[in-house]
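Just below sit the structures, each encoded as structure tokens.
You will see two complexes here that share chain A, one where it goes with chain B and one where it goes with chain C.
Up next, the complex of A and B:
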């Protein structure tokens, strides 16, 4: 009995100390009067870290840069990045924490659609601006007053691919996808929009995200002589492996990939077989070769060079989503000052903002602000990404 | 013992009210959000404590049971039956009063299963599944049992990840509040926070009382006998397979119950709740709490989950629990609260030899 009581009291003591003393100590260390608190919930670790990692690094870099140069009209940004590891329950907990405790002005992220959907209502209720870095279209459809997103629409990527197929006279295709959220969403859009473009999906295959060899699937598809092209939708090295397996088998149909292919590592995996792959992507990957008069050129080159100089890794379009979210917020604050309602209105009516994802034109009905022109068709030539010219 | 074993409960209730009052008066009620969530995780963990600490059976699949408890009501209470209104099954359910109609946030007409029947269904399903899984699996011992339950957890994770009904990788969002009783609702609304704090801890205390009584009963003694030596327990006439199964089913239902409530509180659930890392976390916390110490496990469950949910471990969240498990197993197999540190360090340095064990 005494032991139970002792452990009970010890635990209560530890608990009280942890709960009340620690946070107070943290708060006392950062007293600032004229700062705008911005929260970010990003999957810096875990399965979605390829999204959240570059996003967090980008946003931190931009915030430091901004504060070093005097902030927005003198208002400094205090950034609070929370690592959700892609777990929705953590995103929920952090969102509530940021909103109520830190009383943040706005939240950037989360990185994944699942997390964003969990906190969409919370932000809406608390009237806190949410600038999501996740792609799913349900985030902004139906439109919630305080919720925006920066990545391009999956459906536009599909339109771009199908448009190109139509031009080449392709009507019967095979669809391959990874078993991740990204793959599933893409497959859904591909299936939904095929009839609109007069395209028939002859065969569908889903593979594991850790797949290291797809030759069996390739052999199966190859036996179907109707297939004129293959579309693959995933964000894993299998994208390069698929190209390799297809060329090894001597199958010469065109291979289309999603915007998930926009990482030079996957080209390296595919080697020579990756040559000629066609895929839609934001223009970040081809910033160097854009014509000089392209509106995005300066923005893209600056971001790319800054990021690569600072972190010694290639800039990805995912980090670009974080860049756009941060810059959109800063621009709105710069226009109307740090007033949440006014900033929300400013974002909703923002026109012609040049970001890494494209040129954003928000409207009350469109909280994404990007159209199909945000994508360019790219291809691989001599181991590099280049603009695809038909 | 008699009533003495309930005294800590009285202290606990007083402590909980104190915490609530303090947060109220210092304007820090936001702490209650994470405390509420931690309380639900603590419910899983105290249930697992019965299985691991008392009956001596490990389970690395409890996140699976939690997820079943979360996903079933999430799917049922968000799946719109409105287009199926003409089907006889839907009409029968409607006539039985198991459905609720209404409008969603965007003015669309919806028809869902009421949270109560879906909660009961989830609990029954979990109990049934735990029974069916437990029957063959609990014949295994040690590592083999750990691996079999790990396999079960992985299967559950994969199923939720693969099925469109369960939202695949994105999980399920917009789960409605759970009207528990008239005027008592499990919901994540900022306004309902204090109420939900008491609901969560109320549920947890009921669970604790049940477990305290259980472990002090004849069955509880039988559990400990099994933990000590299954063969000896058998020889004493204890029906070990049945008791092990009982502990397994009870702890699974605890996990599912926590899943149901937390999902309604959070308004959603994702596949990460079913992941193996979650199961390992539960096991780690039971170990830190001292295995066969309901109070130790209870407090560690609240404390560590609270800290994790507040992001105190930052990027090292999962790693922290792995390291905790290793350190506890190495240096404090009886849990942190029963750590006789000095004695252990002296022993480590070989100052005094461990008392000779008769084995």
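Up next, the complex of A and C:
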């Protein structure tokens, strides 16, 4: 018995060590004097892979493009992408590795809020610029000197949703959220801002990020006749599953989703159930129908067409967050040269940068730089994202 | 939080509709778990090991069917996917397990863990990281059949029907078909079966083929409901393992009962505690069973003592 236990323990230990060592990516090539090393920690695989996948592809595409055209004033970018698989523990070890061993100039990502919060202090202490692609507001509130983020604020998303609910006369809602950093942060904002808009949350439920069926919890919510609408806050496939389970149960209340819904794959797998879902998102998804004089139109169309031509898959807002992070860093390096302190100052004072997420205006107090106008209200019609017109 | 607490009181006033909705959800979860658990049991019976790649068979079945569905009609795509997964099951056994001389249980377990990682990474390279789904067999994502005042997706009945049929067919197979009887003989006593002229190696291969096929079939019917993703097998394997232990390792009919029990407990638990505790309940049950009845709810203590693992 004891021998079996010992062997089992040994096996587990071997297994853990293997799991820990395996994902460490390709070792960087020998650095040249004029290259700027940029690290990226992205969830290329795992549950959040639809965030990290497009982000990694986008950043790689931009870096190749930049290096092929001579870099930033001759400075080439050397990109080191690490796949964290959405695991905060891996994000921590990659952050330490990038900072201590690779001595990177800046880190792009991580893809998820949970990971970003784990490495926020690490980057701050190491004075390494972090441009997160994750959405939660806690990343930049309170402001950390070296930490920025490119996705729109979740508080603005909540304001946008609650504003729409108020217009429709909805006052009693149910809140669903995934058990990820993004879900928790969104739930916090929804709860905090509800009184301001005269909205009462009569039921709230949290589901696991790997949830595959929510029909039981839908039955529970449906039995409460007070609920006039459901808000779901997550980034996982359960967004489509919730919509299906609600419609199959014959529950017809409006379903609002967060900006985590901005991936056409969810609409594809949600099929008919995704029709009519209302959610706030950046304008990338509706770039084609924007008026020609919209400041973002050119940037959005170029990125969308480049990405779709190269990777044969629809562009998502998440890849856009990677785009913004990379371009902001490059623009700052272009302005002041590859000096970390100066680049940090340049980002903090950057104004009028037109990205995919909106027009960025950073200040020392605002390390996100986007306001509520960065969001448009979208809905799903005939399997496509369209602007939501009342 | 307050709301969750007072909500518990509602259980006592549960309407028949709500009761039925929980029941349907629970039976659906439960049968999926049971199918995975049966896959564990078939291999356990002939080899004495737990095949941790069982969940990957479910994933492979769903993913293969989705890819084939671009070229073939749905029934053919599913049949082909099941056949392909069975071949993969056979290959895995032949390449990684068959040639081992008297391997220790621990070594075999490590091999299956390695295999599950290998299959998962392979699937990631073939299909990418995104979610996919087979179309609904009848109707679409919003179709529902009203049963006693409750809307239920027709796919739920497909899951119930297909899983029910598989369980019945397996029961008959092991009871009456000669091949099934021989497999049971291997399970009962490998040495004696060998002495009677049974090729235990072939039986082991066949057990992999059978459990791969069952898993793949389950992967196809649940795909419209749960979606398929390259790493979807892991969670199913954990739940299936819980159910297999709960019923008593090696006993397939007990796995069905245990699966339904766990599924229904999970579904009804939502009416009392927040959804977030759903998995905690499953693992809690597993722990309690391991402490109190390590041979499972329906298992036999003295028989379990004779087994190596």
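The working rule: the second predicted complex is superposed on the first by the 314 of 390 C-alpha atoms of A that agree within 3 Å, B and C clash if a C-alpha of one lies under 4 Å from a C-alpha of the other, contacts with A are read in each partner's own complex, and residues count from 1 in each chain.
The definition used in the following text is that contacts are C-beta pairs under 8 Å (C-beta built on N, C-alpha and C of every residue); 3 or more make two chains touch, one makes a residue touch a chain.
Please read all numbers here as calculations on a predicted model, not as lab measurements.
In the overlay built on the shared chain, the residue A:179 is in contact with chain B and with chain C.
Contact with chain B, but none with chain C, is seen for A:86 once the two complexes are overlaid on the shared chain.
Contacts of A:142 after superposition on the shared chain: chain B is touched, whereas chain C is not. In the superposition on chain A, A:194 contacts neither chain B nor chain C.
Of the two partner chains placed around the shared chain by superposition, chain B is the only one that A:96 touches, whereas chain C remains out of contact. Contacts of A:115 after superposition on the shared chain: chain B is touched, whereas chain C is not. Look at A:126: by the touch rule set out above, it reaches chain B but stays clear of chain C.
In the superposition on chain A, A:272 makes contact with chain C only, not with chain B. Of the two partner chains placed around the shared chain by superposition, chain B and chain C are both touched by A:44.
According to the touch criterion, the shared surface of chain A, contacted by chain B in one complex and chain C in the other, consists of residues 4, 7-8, 11, 14-15, 44-46, 179. Interface residues of chain A, counted against chain B in their complex, comprise 1, 3-5, 7-8, 10-12, 14-15, 18-20, 22-23, 44-46, 82-83, 85-90, 92-94, 96-97, 100-101, 112-115, 117-118, 120-122, 125-126, 136, 142, 179-182, 184. Here chain B touches chain A in the complex through residues 1, 4-5, 7-8, 11-12, 15, 19, 22, 28, 30-31, 33-34, 37, 105-106, 161-162, 167-171, 173-174, 188-190, 262, 266-270, 272-273, 290, 293, 295-296, 299-300, 302-303, 306-312, 314-315, 317-318, 337-338, going by the rule given at the top. Residues 3-4, 7, 10, 15, 17-18, 21-22, 24-26, 28-29, 104, 106, 109-110, 113, 124, 128-133, 135, 140-144, 146, 150-153, 222, 225-227, 229, 231-232, 235, 266-268, 270-271, 274-276, 278-279, 309 of chain C are the ones touching chain A in the complex.
Every residue of chain A that touches chain C in the complex is listed here, in rising order: 4, 7-8, 11, 14-15, 44-47, 49-50, 53, 179, 202-208, 210, 212-217, 219-220, 222-223, 237, 240-241, 243-244, 247-250, 265-266, 269-274.
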